[in-house]
Amino acid sequence: ASADTVVTNVADEAAEETDEAMEDEEAMEDDAMEDDAMEDEEAMEDVEPAVEEAATAVEEAVADELVIVSMSPSATEMLFAIGAGDLVVAVDNNSNFPPEAPTDEALTSFPVNVEGIVGYGPTHVVSSGPIEGLAEVGIENVILPFAATFDDTYTQIEQLGALTGNVGEAGELVGQIQTDIAAIVDATEAPEGLTYYHELDNTFFSSTSSTFVGQVYSLFGLENIADAADPDGESFGFPQLTEEFLITADPDLIFLADTICCGQTAETVAARPGWESLSAVTNGNVVELNDDIASRWGPRIVDYTQAIADALSEVEVAAAS
Amino acid sequence: MRDVDRVSAVSAEDVSVEIKGTRLLDSVSFEVYDGEWLSIIGPNGAGKSTLLRALAGAAKSVGSIEIAGTPLGELDLRERAKLIAWVPQTPIIPDGMIVTDYVLLGRTPYLNALQSPSDADVEVANETLAELDLMGFAGRKVETLSGGERQRVVIARSLVQDTPIILLDEPTSALDLGHQQDVLELLDQLIAEKGRTIISTMHDLTLAGHFADRLLLLGNDGRVAAHGLAPDVLTEKNISEHYNAEVTVTTEDGTVVVAPKIAKQNKSNTSKPRENQ
Amino acid sequence: MRDVDRVSAVSAEDVSVEIKGTRLLDSVSFEVYDGEWLSIIGPNGAGKSTLLRALAGAAKSVGSIEIAGTPLGELDLRERAKLIAWVPQTPIIPDGMIVTDYVLLGRTPYLNALQSPSDADVEVANETLAELDLMGFAGRKVETLSGGERQRVVIARSLVQDTPIILLDEPTSALDLGHQQDVLELLDQLIAEKGRTIISTMHDLTLAGHFADRLLLLGNDGRVAAHGLAPDVLTEKNISEHYNAEVTVTTEDGTVVVAPKIAKQNKSNTSKPRENQ
Amino acid sequence: MNARPASIRFSWVVGGVAFVLGSIAVALVVGPTSIDRTGVIVESFDAALPFTFESNLADQQVSIVRNLRLPRVTLGLLVGSSLAVSGATFQGIFRNPLADPYLLGVAAGGGLGATIAFTNGLGDGIGAFDPVQIFAFAGALSAVFLAWIMGSAAVTRSSNSGLLSNTSRSATTLVLAGVAIASFYSALQTYLQQRNTQDLRQVYNWLLGGLNTSGWDEVSLLFPVALISIAILASTGRILDVLAVGDEEATMLGMSVTRTRLFLIVVASLLTASAVAVSGLIAFVGLIIPHTVRLLFGSSYRIIVPMSIFVGAGFLVLSDLLARTALSPTELPIGVVTAFFGAPFFVVILRTSIK
Amino acid sequence: MNARPASIRFSWVVGGVAFVLGSIAVALVVGPTSIDRTGVIVESFDAALPFTFESNLADQQVSIVRNLRLPRVTLGLLVGSSLAVSGATFQGIFRNPLADPYLLGVAAGGGLGATIAFTNGLGDGIGAFDPVQIFAFAGALSAVFLAWIMGSAAVTRSSNSGLLSNTSRSATTLVLAGVAIASFYSALQTYLQQRNTQDLRQVYNWLLGGLNTSGWDEVSLLFPVALISIAILASTGRILDVLAVGDEEATMLGMSVTRTRLFLIVVASLLTASAVAVSGLIAFVGLIIPHTVRLLFGSSYRIIVPMSIFVGAGFLVLSDLLARTALSPTELPIGVVTAFFGAPFFVVILRTSIK
């Protein structure tokens, strides 16, 4: 069983329920959404027509009995952002946001303890990969895999909305994210043709434009130096780069997504032998990101986008002065 | 020496063994008949062990070797092991194995891959242990035995194999006088009672001549230097030529006795102990 | 037997060895003087090897053992190895090691941890190889040698160790007549020329009696059964009692000759080969 | 007739069976969720025997017992005994205390196979035909096959050149070929994994091994192979004892050393590969259990091999119990439990049983 | 005097030095960035020798040569020779073809130490005192220390109980204790890693090993230890040959087997632990290089040990070269390169050199 089948199951159960609620739902959404967001929404409906219907039904029929355990930090952030936090009884040890999330340090997903999860009495477990054995004890496994695109994120938020009956909030959230991101991108005027290096850890693992994090930079027309490691964009989404190449490529911007895991800062980067003369270092364009924000595909992609935008506006200053 | 009435147990024709260009054995031919005991003698490095290995199929050789009329190469390993048992000169002693288990290894050719030794097998082992004065050691680890005890255990394993042909490479080198005789007499008895064929190597020429029916002397060049009855092979000339040793050969009670003429030069015979030299 | 003029090389007093409650050696006492050759004899399992091990410090023993006047326990390993060389009954033959390297191991006590053998060391090794008729084998791997060749190589290692005291556990068991004599005469010469002290075990009682100054007979109970000159120890009574073998003891040229009275029952002496039995 | 071959004593068998049954009982009854003990036992009998027993458990409890605990315990028995008996076999074949069932590349091959499956997005199959299992199994066997081809061809050449060596040089050659092949497979696996770091956790998790995601599908895959292979291996102790006298003497005792070794390697590798396919790479068991048995009961493989089956089965069931309960709801990787509790225990045995 | 001990031939030394120098030259000159060859050589001489040489390279190119390539090559030499010589030593000590420098727990201990540092957020040190290095070093040594204590105490007991066994049982006991301790440390490491999955990537990278983040700091840490230890080990071949006759005979030759073994283990472990601390766990080299040397040049440790130094050094420098250039700009884990190219090469040698 994959993510699809589970979703369909939920939808099937719900399909029998009433249609009226759905119209209300749509009316409400119309008010709330801006145009471009709306288009996305419609596109998504083509792909997953059942989700909306299902959502309505669940809201009325299932919501009261819903008990959710989240084993995915991104899903946790989504659940709380759509106001379904009260349905969540426990989240795994890596779900450290939002602060009110019931993080259980003992709840680990690698490896996972099925009978241990049963102890929380959930009806649904949200995870990024399948958890075998849940179905056998009558628990739904909702699988929200790694998102490859923004649309995946929106779909997953909608899915959770449908599941928890918070369809409205989910729709609003998706709209809000889209609006915010569009606004940030509009407001940022980055110089053309800037290159960047997104650092995942201090052994120079990076991510290319074809990855989820890479897309965000593409919004601003930035050029990823790691793309050289994967010209056809099919493999090596996260290549480990040679230090010598990094130095020769001399990126305009360095984004550190390893400030928490590996304690990297602009200073530590500048202190690396051979790095002191890189343009990003000499121009102060080493940007410290929050690892979590830069690796999750939840609602905080807005914060992530904002961080990049902030950095870009400073580049302008640096370049101008 | 061929006799129409006798059945050939082992026959070797022009057997040579070569290793990396060195010839260890050169065109050795002989025939051993059922119920016979052939003793291979010769100086160190003559190729005695190599010859036994070749007969056992453990060393690659050219020439023809037939076991009970069948070319050696046509026997599969299991058939071969039911025909020939081999006591190596320096057997490998497995760590931690008890004597009974070790001796029972001799039953290997009679057991299928997944079969365990039966009670009958155990009984054979026990009888053989008793015959070789080893009952007291049955439960001991082989590696804790004394040199002579261990050597008898290895012989026991070959007897448990219950083959018509037994190859023994210096089987009594670590045995004391009494056990030497016991073992050789036991082998002699096996010939008499069960018609076994024995080919052995031995450095004690008196014993070799006494127990074997025939002797085969290998020279340093890996060729047969002499072959025949003890009085014909164990001559002072043969021995001084191939062993580089001075001996006196006498015959006592029909047994050829080879006694070294031992050092007289710097040793004052029985005037021992030497005082303050 | 004490002599004020003689210097004690090895002295054992009430030496016993016990292992898991079994007594292998029981209150053995004797003294060997500089330049003497003591031969330890006794049936298989009497404890001969155990005694040599105890003297060499390789087996834990109770009682007192003194080497050149110093208690064994007070010698550190290196000093001990400069005083005593030991030829084990079943030496471990390292895989792939060439003869020269193996023999050079005898120089270990003279080299610091990180030192390589000097040219002088290599020369000692070469001389010893030559003395033991082994020059042709210098570059060969030890494991490819024949039984007798290998045994001489092990003896060579012990001689290269250049110690005043040499313990040899059945050093000639795999040797042919000629090499047996050569080796024993070489040892005798070492006593004469360099004042070495030798303690050996041997199953050939005639040779043991001929070459050694004194004999020590260990009984099956691990106790000293007899100790003294060859004619006193090698008596028919002693031998039949402890070896469980019938022998005739004669004296030729002052050498005590022990000859087994060999099987007469089922063997028709020289009427060989047996025909169609 | 006072001389008797070394063999399993009846009391050891009884002890072994008791240990296994005890482990099963405890592992069924104890779990993160507390369930009425009688009910668990009744349900287990109901599941295991062709008779019907009625328990008073709630539906979900019944389901926990039947779908989570029972398959896990069963798989623990199978995997534990498989690894231990294969380990004993490999130690016998190679006469090397460091030999374990993964020696000739089963682990590296399984790892590569599983990684190929994961990185090609085949990792989320659930049900009887899990691509990861199939790829892991195929990878494991291919590595052993290559190791054999490389290692034994070399041996054939060497024995042509003259006398057989006393020491089992052929076994050493095979081991070295196995190590080289295993390294090669590991290199490929690492490379693939590095190209697909998004699958890192999945792969890593698989490499760690465990029974936590196992259900009846896994049991039904492993069961037939394990039953047959373990039955075969259980009676190969005598053969392994024959190999102890070296290739040359064993050959003269009528044993085709090369064929025997191949046969044993094939059976043990099939078994290990199947166990690896359903449970990943569980360390420690295959190496240490046979040594423990040797130290406790004796060094004949006629004892080591069968006793390893009991001890391995019970040990893994108990380890898995600890893996899911010790820090519940945290699941501990089973390799952590086996080594964390097993290693000190083994050291104690090592220090006390040297005789 | 025609009998001569087995020893290194002059031509082998010349060949070895040429191989190492050739590897260095190629590794300095070739890289993801193409830099004028003469310039690279001139800069390298300038950096290595107390004289001044002027090259016509751009600043950035100078920096690449001096800060990236030179330290990497130097570290490759040091780590490669360290692992190979330690591996040869361990194989000699334990007379086991499967022995490698990680046998007694250096790898597991280093892994645990590094993981402790990472999971406590100490992974960010830059400069001479990197906590990860210190923790890895300490962890590695503590594991070996424990293994020795556990393994040799058992031996002392056993030799009290009577005659020494001919086979080196004490070495086997030590190996088994080492394996148990290594498993225990690995268990702890895995546990820590599992509790801190956010550090998984870092830990995993460290475990894979590599020279890609190495600079002069690492060189200056390893250099003194490596120089002294390698110099000591280079001349221990004779001792290792003595150990070949077994504990009992070696003792009678005046060698204190226990003390010698301890000494060798201490030196080799210090060396390995230092190499591990700066470069993580690089597989294959320590196990396979000594075997390659044995197959090519002969089985006396007086040959194996020193030749392993040359071959190990050159091999790792070349492997690292491939790691950073083969798929440039992607960096390959060095363990992938060593095994991917080394394993087939080794199998060829294994199959052709059996005599």
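Just a few scattered comments:
Going in written order, the chains are labelled A, B, C, D and E, and every chain counts its residues from 1.
In this text, a residue touches a chain if its C-beta (ideal position, glycine included) is under 8 Å from a C-beta of that chain, and two chains touch if they have at least 3 such contacts.
Quick caveat, the model's predicted, so the values are computed rather than measured.
Chains that touch both subunit B and subunit E are the following: C, D. Within the contact network of the assembly, the step distance from subunit B to subunit D comes to 1.
The leading chain pair by number of C-beta pairs in contact is B-C.
Taking the mean Cα position of each chain as its centre, A sits at the greatest distance from subunit B. Subunit A and subunit E have CA centres that are 42 Å apart. Inter-chain spacing, taken between the CA centroids of subunit C and subunit D, is 50 Å. Look at where the CA atoms of subunit A average out and do the same for subunit C: the two points lie 83 Å apart. The residues of subunit C that reach two or more other chains are 90, 95, listed in rising order. The multi-chain contact residues of subunit A, meaning those touching 2 or more other chains, are 108, 110-111, 205, 236, 239-240. Multi-chain contact residues of subunit E (touching two or more other chains): 161, 163, 166-167, 194-195, 197, 201, 333. By the touch criterion given at the top, residues 1-2, 104, 106-108, 110-120, 129-133, 136-138, 143, 146, 205, 235-240 of subunit A touch subunit D in their complex. Against subunit D, the residues of subunit B that register as touching in their complex are 19-20, 50, 53, 56-60, 77-78, 80-82, 84-86, 88, 90-92, 94-101, 104-106, 108-109, 111, 113-117, 122-123, 125-126, 129, 135, 138-139, 161. Contact residues on subunit E toward subunit C in their complex (touch as defined above): 1-7, 160-164, 166-167, 232, 235-236, 238-239, 241-242, 244-246, 248-256, 260, 263, 298-300, 302. Residue ranges on subunit E touching subunit A, taken from their complex, read 31-33, 59-60, 63-64, 67-69, 71, 121, 123-124, 126-127, 194-195, 197-199, 201-202, 205, 210, 212-213, 215-216, 324-325, 327-331, 333. Those residues of subunit B whose C-beta lies close enough to touch subunit C in the complex are 3, 5-6, 33, 35-36, 42-45, 48-49, 89-90, 145-150, 152, 169-170, 173-181, 184-185, 188-189, 192, 195, 203, 205-207, 210-214, 229-231, 239, 243-245, 247, 252-260, 262-264, 266-267, 269-270, 272-277.
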